[in-house]
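Shared between the two complexes below is subunit A, which has subunit B as its partner in the first and subunit C in the second.
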Partner chain A sequence: MKQPLLEVKNLRTHFLTDAGVAKAVDGVDLTIAPGEVMGLVGESGCGKSVTALSIMGLIQPPGQIVDGQILFQGEDLLGLAEREMQKLRGGQIAMIFQDPLTTLNPVIRVGEQITEAIAIHQGKENMWEKAVQMLELVGIPSPKQRMMEYPHQLSGGMRQRVMIAIALSCHPSLLIADEPTTALDVTIQAQILDLIAGLQQELDMGILFITHDLGVVAEFCDRIAVMYAGKVVEVGDVKQVLTHPLHPYTRGLLRSIPRLQEPRHRIEPIEGLVPELHMLPPGCSFQDRCPLADKRCTRWEPSLREAAPDRLVSCLMIP
Partner chain B sequence: MKFFFDRMLQTIPVVLGITLVVFSLMHLTPGDPVETMLGSVGHISQEDIDLIRHELGLDQPLWKQYLGFLGGICRGDWGMSLRYGVPVKELIRERLPATLELTLAAMLISLMIAIPAGVISAVHRYSLVDQASTLVSLIGVSLPDFWLGLVLILIFSVGLGWLPGGLRLGFEIAWPPTTTGLLLVDSLLAWNWEAFWAAMSHLLLPALALGAPLAALTMRITRSSMLDVIQQDYITFARAKGLREMVVIIKHALHNALIPTITVIALNMGTLLGGNMIIERIFSWPGLGQLVVDSIRTYDYPVVQGAVLLYALTYVGMNLAADLVYTRLDPRVAL
Partner chain C sequence: MYTPLVEIEDLKVYYPNGKNNPVRAVDGVSLDIYPGETLGLVGESGCGKSTLARAILRLCESTAGEVLFDGENIFNLSPQEMKDMRREMQIVFQDPYASLNPRRTVGQIIGLPMALQGVPRKEIRERVQTLLPKVGLQETHIDRYPHQFSGGQRQRIGIARALAAGPRFIVADEPVSSLDVSIRAQIINLLQELQQEMGLTYLFITHDLSVVNYVSDRIAVMCLGKIVELASTTAIFASPRHPYTQALLSAIPRLDGRHRRRIILRGSVPSPMDPPPGCRFRTRCFHRAKDDACLEEPPLMAIGDGHYVACHYAVPSRQWISA
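Right after this comes the complex of A and B.
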């Protein structure tokens, strides 16, 4: 097997709050191959974004990575000095965010926001032309003029394109996309997804695609990792996981989305609430909401293991 | 440009209102300028007093006096001082540079302390530095400036003898030729280092006393708006580009955080001018504030009116300037 592009092993990122230690990410394992699109799904607050920021090395206090390894092309990012991490950030590893309205600096011209990224990683030579090319690449009309404008002069979809242009300006080999389409309306969403998919082919990037929209995952990703309460509970090929989910949480998730093909299908929400991250029960975090749970689940914490070929599941009840 | 024009128009009623209030207050206060003027002369007949009142136009109805005052302003005639018998404009022109120099120095000192302190406090929130500067700024906001002025004199001039406790320049040093009226600038222009350092040492304490409350306030505002800004997505995104932390903080965060700070600074320019009266008195600073206080005591109406009009214009002008700076800092505010 080729060397994975990114390998996250047993990542634990905790927040030391007044209410206690919030274990936002508590033992995440992920592997992304070069050029692969990995979907990371889960409910709000399950630790998807914190996982992303941990990989970027952007966890701010009171957050802290307390354990684990993040191997990027075989090199442990957690061992790097801040200076070395800055070279990777925006260069080899880029990130785009959820809300294009708040992610661009409102008081700095679009052109300056793109060129400053290019200047750091590729030098100042031709940075203006490169930035214009990037804007063209992401499909922004009259890019030269847009370079001189401020973010508030652009529409939401346009701003998302600018953000993508900035992230991709240095041809990263890994792109982390944190819900890049959630804040956009549906037609723009489709355009942006097409754009990312096209650029992914062109630049042969690995993508960690964070979303809570399973439809987007089905359409766009090669593999999927399902997260619950700070842990990855199931990993596998997208089609397999979505058609034959094994983990009770993945099954619950899939039952809770409406389907067009089966008009009489009732939506079944997962009973109960996500547990508070600073008061996780011993044993399996999903025990309170799980239809399969028995006494064992309150005692032992399950870990990811191969339950079928190319399928990892973290559940004691799956044979 | 329309924005600018609208704002200019808005200032007219404000300035008019201020002149009316000042005029009424001065004339409603019990006491009489002529009696004050003649207080030391001894016995004087009522006829003489009436004659002087007539010559000064003080026997006219108040509304006529007010209109006369306004008309004079429009013609560029600010009236004559009752006490000194010289044009008000001249008196003000003589005193204004001293006040301006003090105010600018106070402002400069307070910004030089407050903005870095605010930024560092926000970036290292809850650290020892943050807590220390919070404590110092709380003290700074709570201390009355006259008290601070006196204590500074007590420590640095009386106690340690490091700095002079009053006046703009010692008696032993020759004044540089007046070009701008600002001693620091004039002495630099004349290449007179002796005068420059002397002026600097005289300026330091009063500027510190005047600037301390503003520094404390500006620091608090900078800190809180920085805290707000550094949690924004665009700061995380700036870091995700691989920018150095220094660039993220100064270029991306401070630029946004300064917008509310500018308002506070502009509004406080007025407070600084007002605060001048007390500080100038304490430090025997020959500025406008001292002139105003003396003129109020002696019912020298034209001087008080002229000075207050100038304060009002400055205040309004500073606010206008703040609005203009806004449009430079924040492109979303359209001109």
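Right after this comes the complex of A and C.
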């Protein structure tokens, strides 16, 4: 088997708050092969973004990575010094964020923001030309002129393209995209997804694509990992998981979204609420909302195991 | 044929911007909303959906046009008459965090519309207590504050407040957009149950086309201040005729949707301060964009069966959905 591009093992990132320890990420396992697009889905607060920030080495106090390994091309990122991590970050591993308006610097011209990344990782030679090429690559019309503009002069879709240009300017082998299209309208979302898919093919990147939209995952990703309350509960091939979900949470999610093909079938919500992260029940975190749960689920914490070929599920009730 | 509950006639809302070109947020919209139906209103951000909703409820001043509620022009009502009219028409807002006063208890929030309608104080608490279980909250929640509730529960409080005055017509402005998927389904189902139980009429505003498909009887598609297509939900999804509607529908990410044909629009949305002359969609249109005829603004034309479309070339759809 080929060496995975990224392997996250038993990652635990906790936040020490006044209300107690919030276990935002509590034992995440994740593997991404080179050139693979992995969708990471789940509801707000389930730990998707904290997982991404942990991989990038961007966890700030009161957050703390308390356990686990993050292997990037075989090397444990958690053992790296900050200087070494800086070389990787923005170079080999890049990230795009949800909201391009708050992540671009409003008082610095677009061109300078792109050349900054290039200067750090590739040197200052030809950096302006390279930046123009990147803007052209992400489909921004009249790129030379745009280089001189400020973020507020661009539309939301254009700003996200600039973010993508910055992230891809150093040809990363791993791109982490945290809800890159959530703030955009559907027609613009289609443009951006099309763009990322095209560039992914061209540059052969591995992508960790974080979203809460299962439709986006279905269209864009090869594999899917479903997160709930700080843990990955199901992993597998996108088509397989979406047509034959095994974990009760994945099943519940799929039943709760309206479908275009069968508009009149009644959607069924998952009853109850996501548990507070600093007061997780012992045993399985999904027990209170789970239709299958019995006594065992309050006692033992399930772990990810192979429940079918190429399918990992974390549930005691799945044979 | 039914008489409409709400009739909107050539409604315009312009916001002055200090120069000669006001922002034409709503630019000549005519619509009828029938009793007991859910009319879905979809469009991209900035197309004027929310401004239209507020103008219908007279929560913002309109530049021109009229809105008739039950045959009565609400723009001609005196402040006192308008206050009585508000009993009939209410709104549920998008953000359940920003739309509830953090310093008022649930009882005060839901009781306020009743107090304004002159319900005696003693009765208010009792009525709030009977209303809470209807929206899936508990009677004991009455003395709590908004911060003690989750997003979904807050939206239930917002819905209870809208129901407090006993309205016939409710505008739901993106009521589930800020909620997580599993919670979203709870709120959608609640709105539908309440509609059946109380015979409510909804104007349901959203940018999420799969939600609108689920809840609406008819759908109006808005683009830069204008309605460009209006038809039954089935017709909109089975045979969209306006190229903008076709592009919107094909852009929805779908669970079964790999390797299908998608229309990717080129260019960005024009500013409503400076819309292109003629057809509003002309600059992004993918088939007839260069035609001179499109320089003339297309009216909303009936093409039969309650289907209306504003396009000079309203071509039969090529079955985008089943493709």
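Everything below uses one rule, namely that the second predicted complex is superposed on the first by the 319 of 319 C-alpha atoms of A that agree within 3 Å, B and C clash if a C-alpha of one lies under 4 Å from a C-alpha of the other, contacts with A are read in each partner's own complex, and residues count from 1 in each chain.
Going forward, contacts are C-beta pairs under 8 Å (C-beta built on N, C-alpha and C of every residue); 3 or more make two chains touch, one makes a residue touch a chain.
The structure presented is a predicted model; accordingly, all values stated were derived computationally and were not measured.
A.B. asks: Evaluate whether subunit B and subunit C can sit on subunit A together after superposition, giving fit or clash.
C.D. replies: The answer is fit.
A.B. asks: In the overlay, answer first, second, both or neither for which of subunit B and subunit C A:Phe97 touches.
C.D. replies: Touch partner of A:Phe97: subunit B, not subunit C.
A.B. asks: By the touch definition at the top of the document, which applies to A:Ala19: first (subunit B), second (subunit C), both, or neither?
C.D. replies: neither
A.B. asks: Touching A:Met148, do we find subunit B (first), subunit C (second), both, or neither?
C.D. replies: Neither subunit B nor subunit C is touched by A:Met148.
A.B. asks: In the overlay, answer first, second, both or neither for which of subunit B and subunit C A:Gln86 touches.
C.D. replies: first
A.B. asks: By the touch definition at the top of the document, which applies to A:Asn105: first (subunit B), second (subunit C), both, or neither?
C.D. replies: A:Asn105 sits against subunit B, while subunit C stays out of touch.
A.B. asks: In the superposed model, does subunit B or subunit C contact more residues of subunit A?
C.D. replies: When the residues of subunit A touched by each partner are counted, C comes out ahead.
A.B. asks: Is A:Met279 in contact with subunit B, with subunit C, with both, or with neither (first, second, both, neither)?
C.D. replies: neither
A.B. asks: Classify the contacts of A:Ile267 with the two partner chains as first (subunit B alone), second (subunit C alone), both, or neither.
C.D. replies: second
A.B. asks: I want to verify one number. Taking the Cα centroids, what angle sits at subunit A between subunit B and subunit C, in steps of 10 degrees?
C.D. replies: That angle rounds to 80 degrees.
A.B. asks: Does the superposition put A:Leu253 against subunit B (first), subunit C (second), both, or neither?
C.D. replies: The second partner, subunit C, only.
A.B. asks: Please give the nearest C-alpha separation between subunit B and subunit C in the three-chain superposition, to the whole Å.
C.D. replies: 14
A.B. asks: Just which bits of subunit A does subunit B share with subunit C as contact spots?
C.D. replies: Of subunit A, no residue contacts subunit B in one complex and subunit C in the other.
A.B. asks: Which residues of subunit B touch subunit A in the complex?
C.D. replies: 232-234, 236-245, 247, 251-252, 255-256, 329-332
A.B. asks: Write out the stretch or stretches of subunit A touching subunit B in their complex.
C.D. replies: Residues 53, 56, 58, 82, 86-91, 94-95, 97-99, 102-108, 116-117, 120-121, 150, 152, 163, 166-167.
A.B. asks: Which of the residues in subunit A come into contact with subunit C in the complex?
C.D. replies: Listed in rising order, the residues of subunit A that touch subunit C are 43-44, 155, 157-158, 185-191, 193-194, 212-216, 218-220, 239, 242, 252-254, 256-261, 263, 266-271, 273-274.
A.B. asks: In their shared complex, at which residues does subunit C touch subunit A?
C.D. replies: Per the stated touch rule, the residues are 44-45, 150, 152, 180-186, 188-189, 207, 209-211, 213-214, 233, 237, 247-248, 250-258, 262-265, 268-269, 321.
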